[in-house]
Amino acid sequence: MSFSWQSVYRFLTRAVVGGLLLFSCAGCGSRAEQRADLVIINGAEPESLDPAIVTGQPDIRVAGALFEGLVRNDPHTGAPVPGLAERWEISDDGRLYTFYLRTNAQWSTGEPIMARDVVYSWRRVLSPETASDYAGQLFYIKNAEEFNRGEIKDPSRVGIKAIGPRTVRVELTGPVPFFLDLCTLPTLAVVPEWTIERYGDRWLMARPLPVSGPYELVSWRINDRIRLRKNRRYWDVAHTQNDRVDVLPVGSANTALNLYETGAADIVWDKELAPSELLDVLLKRPDFHTFDYLGTYFIRINVTRKPFDDPRVRRALAMAIDKTRIVEKITRAGEKIATHLTPPGIPHYDPPNGLGYDPETARRLLAEAGYPGGKGFPTFQYMFNAAAGGAAKTHEKIAVELQQMWRQELGIHMELRQAEWKVFLAAQSALDYDLCRSSWVGDYNDPNTFLDLFMSWSGNNRTGWKDPDYDRLLREANSRADPAARATLLQAAEALLVRDAVPVLPLFFYRGISYYDSTKIQGIYPNILDQHPINAVRKVR
Amino acid sequence: MINAPPALTPRQRAWRRFKRNRAAVISGLFLALVVLVVLVGPAICPYSPNALSEAQFQPPNLRHWFGTDVHGRDLLVRVLMGARLSLLVGATGAGVSLVIGVIWGAVAGYLGGRWDSAMMRAVDVLYSLPSVVFVIVLITTLEQLFKNWLSRLVSIESDSTVRLLFLFVGLGAVSWLTMARIVRGQVLSLRTRGFVEASRALGANEVRILWRHILPNMYGIIIVYLVLTVPAVILSESFLSYLGLGIQPPQASLGSLIADGAGQINPIRIYWWLIVMPGGILVAMLLALNFLGDGLRDALDPLAES
Amino acid sequence: MYFLKRLFFLLPLLLLISFLAFVLVRVAPGGPFDKERKPASPEIERNLKAKYHLDESFGKQYERFLAGLIRGDFGPSLKYRSHSVTDIMTQGLPISMTLGLLAFGFAMGTGIPLGLITAVRRGGWIDLGGSFLAILAVCVPGFVVGPLLIMLFAIHWRLFPVGLWGTPAHAVLPVIALGLFFAGKVARLMREGMLGVMNAEFVTAARARGLSEGAVIIKHAFRLAVLPVVSYAGPMLADLLTGSFVVENIFQIPGLGVFLVNSSLNRDYPMVVGLVLLYAVLLLGLNLVVDMAYRWLDPRVKYD
């Protein structure tokens, strides 16, 4: 029987080629775009770029490039320096702030930026209809919380007033020592009233979009890229370095590294985007930069459950963790091990030392609590969130280490419970866990951004631990204007938290990693807030 | 035929045909060996699958034949434990797919008309629902209820057992859908063929026609798709684990070990054993399964000449 | 007539699916606005829920959803609050569809010939090698193939970009990574379909009439042999068109596949329901096409 391959092939090629031709035309539609002057890989896709809504770090970096507030971050230190306001006065009791706006401050569409724009923007954050997550950052302003709750309906009773066309007066509830730091947050940035009132929730899609910051928003395609263009009417435009900037959302460290290595991106600045297994090699390269910043990795303990209601048990757990092994074997970015919650490096504050690695004492404490050698200690669970979307599995690795350390040192058995993110959050809020993995990144350069988590009423407490003494110490500290007296009270509070009560076990302080070729990219300075204004970044050709 | 062969039952004839297929016999023996090693191996192995050590990321050597991972755990014993779990997952998925999928598809296709429409639309609805949400809801809402109910009947040692059970249910629930569609399509075509019409004309009853005449003509496609279902289920388990919905660490499956290993592929340095070892075992097992399936298919083929 | 009836029932079926998805995603624990950072007061959370009508009764919410559906509006995304569900779908769908169709073409274009060759040369070395390749394609997952392709073709030889989307060159590696698995499955199903009909009576008859083997394959055997592949093609194409989580993630492609998974994880209710509906329309439509193709390929098939 003769077999003709040719006829089979002719038939098949016709079918396949016809099909492919038909389909490939769909690909012609997407044209190649020109590479921007500067391409930055920025971590997760921003949920929003609306200053009133943003909370995440990647969101804040981009929203901060679009909208500026009265005060902005110094690119070198992150300290508050004049933004739209050229100067300000603070009353002697620290409760009245008067800001004077620049006369050359204007929107990208040409209109001047006036005091009423500031008042509108801040009231908008507080308005219940805006539903801003970070409205709480303004609660230090008189009547702000009441207005947000709907108890006060009249916005003019809130302590923000335009007392001249370019003069804003802010009245606070007390002497808030970190108020200027708060003013650098995008939450307090100035936004265009007429565009927002006209287009509603989708106002960022309006064109032209008036912006107050150094960059205009050209386009924003979710999971694709955010394209920025220099705002030529920005008051400090002379120092804006790049004309067009692309911001890419990338979730996986390997993808980020690949894009960087082949030159598709200039900068990668998210600590999650450096593959931890390779750090021993990568950190030796000149284009990898690490720096300390305000972030702590810790464990929450549910103190409402037995046997964790006994502080001795909690202290025993703390002292049986070999934190050095964790930072050397797992995280590997040169993190400092933590015994206290507040990261070192905050001005005017020296955190108190907590409990160190001491398995001997740990075993004794556990025996005192009634579980010698772990006998009779119930099996408990350690909950951690799953790393979705190709992110590093650091939490899982740390959990595995802890499981073995506690088994070896204390003879107690812990099960791991990996939960999907929303389940994790729900369980944490409902105190439906024994121990769980946690972390916190400070919003502003002050111990309060860490310590007020564990106030009795705080929604971020989530340990069940309540101590009136702790609440009192913090409240007293924040009513003091003298930095030294305040620091002493804060230290006493933190010592109570990490030495005696121990509802949380700090493991290590985060270390930021960014990578870029510093012979070509300049203007990124390490600072504790991990703030690197995009307009200060310079590409040398 | 010169010498009339002694009368053999169809089953004996099939067995005889199977034995003559060398690739299939070797594959069958290989699979049996793998199952044996996976069951016995971890007990013999000097390392525990969860014991940490200082020997982080060691390439394969005489102490650790498959090397070690980030925690310094022995990879060989983890691969064996993982393969045990993956085989279980794969077998469950394939079993559900075989029983529910084949019956559902065959009945729908054979009855036709309104029955076919209703049954196939049910498949479409199940297929459309997002499996991630499905598994989340299944695990979070039912797990607690089920755990309470189960703990009253028997004492369970740990939570992960319950989670594992749910994983099986969840994966089984979606694994039979495509099988049902394929079988139904075949039946639609077969039920109009000459031999079916002939037996119907001879007055054979419907169940018998389906069982004796249509089903044997589909052995091939069923076996082939079944073999394809096994890797699909094993890999969807690893995807769910990757989202935090599957098995609980420190337990591992072959799929999750491969997923971990895949994370190691980068331009700087590759810990190759983390991907090659679990991946190689999975590929070898599935290849053997496939050739075994081919052998079975040929042996059961009603049209094959002896 | 049969197909008209099917078309008519499409609408209630889609409604049922959207209802199930609507319920299912709300039953899952946690809500769209749960974050690691709790807002400073519970009122803030309440304001958020009120703004997006999540504080209303279930029935009222569903009513609102149906009313929106009639206007062709799925509502705002609750994760990306400045974008509507429609915004995100119109951005991602064309990209996922391009990628999916190319991968479909690739899977069919390589799977069918491979299946045919292995069936015709059954038992020989070609069969063994071909089957080996097909099985390899099925059991090496996309999250291994993708990085390997990048390592070799994008980083070592610098032939294609490592990721992102834009030019035809960007599509090559993702299409292969996405299509390989399906190509393997198609090859196995095609081989099996072919083996099933090669010995059937009418094929033997055609041979007896002295037709060449090639002609027998094309004119008679192929039409029936391709039926299992066609059955599989419906769900496969629906899967491919709506994008793949793994491949889009690895190659940083702005398609819909990532949303298909992440919207569920984020409890982005409107997004989940919108995507389920989109997927269901594709799946039901394609399965209808598949059944029509069946009758055309095998005229004896009857549905009534």
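Going in written order, the chains are labelled A, B and C, and every chain counts its residues from 1.
In this section, a contact is a pair of C-beta atoms (placed from the backbone, for glycine too) under 8 Å apart; a residue touches a chain by one contact, two chains touch by 3 or more.
Here the structure is a predicted model, which is why all the values come from computation and not from measurement.
Closest chain to the protein centre (all Cα atoms averaged), using per-chain Cα means: C.
Here the largest set of C-beta contact pairs joins the chains A-C.
Averaged Cα coordinates give chain A a centre that lies 43 Å from the centre of chain B. Each chain gets a centre from the mean of its Cα atoms; for chain A and chain C, those two points are 36 Å apart. Annotation: 21 Å between the Cα-based centres of chain B and chain C.
Residue numbers of chain A whose C-beta contacts span two or more other chains: 254, 258, 261, 388, 390, 420-421, 423. Among the residues of chain C, those touching two or more other chains are numbered 28-29, 147, 150, 155, 261, 265. Residues of chain B in contact with at least two other chains: 136, 140, 243, 265-267. Across the complex, chain B meets chain C through its residues 23, 112-113, 116-117, 120-121, 124-125, 127-130, 132-134, 136-137, 140-141, 177-178, 181-182, 184-186, 188-189, 192-194, 217, 220-221, 224-225, 227-228, 231-232, 235, 238-239, 243, 255, 258-259, 261-262, 265-267, 275, 279, 282-283, 286-287, 290-291, 294, 297, 303-304.
Chain A contributes residues 254, 257-258, 261, 275, 277-278, 281-282, 329-330, 379, 381, 385-388, 390, 393, 396-397, 399-401, 403-404, 415-421, 423 to its touches with chain B in the complex. Chain C meets chain B in the complex at residues 6, 9, 13, 16-17, 20-21, 24-25, 27-29, 128, 131-132, 135-136, 138-141, 143-144, 147-148, 150-151, 155, 185, 188-189, 191-193, 195-196, 199-201, 224, 227-228, 230-232, 234-235, 245-246, 260-261, 264-265, 272, 275-276, 279-280, 283-284, 287, 290, 294, 298, 300-304.
Contacts from chain A toward chain C in the complex involve residues 1-9, 11-12, 16, 19-20, 23-24, 26-27, 29-33, 45, 47-50, 53, 55, 128-137, 139, 145, 148-150, 201-205, 220-225, 248, 250-252, 254-255, 258-259, 261-262, 264, 388-390, 420-423, 425-427, 429, 439, 458-460, 462.
Residues 50-52, 56-57, 70-71, 136, 140, 158-160, 242-245, 248-250, 260, 263-269, 271 of chain B touch chain A in their complex.
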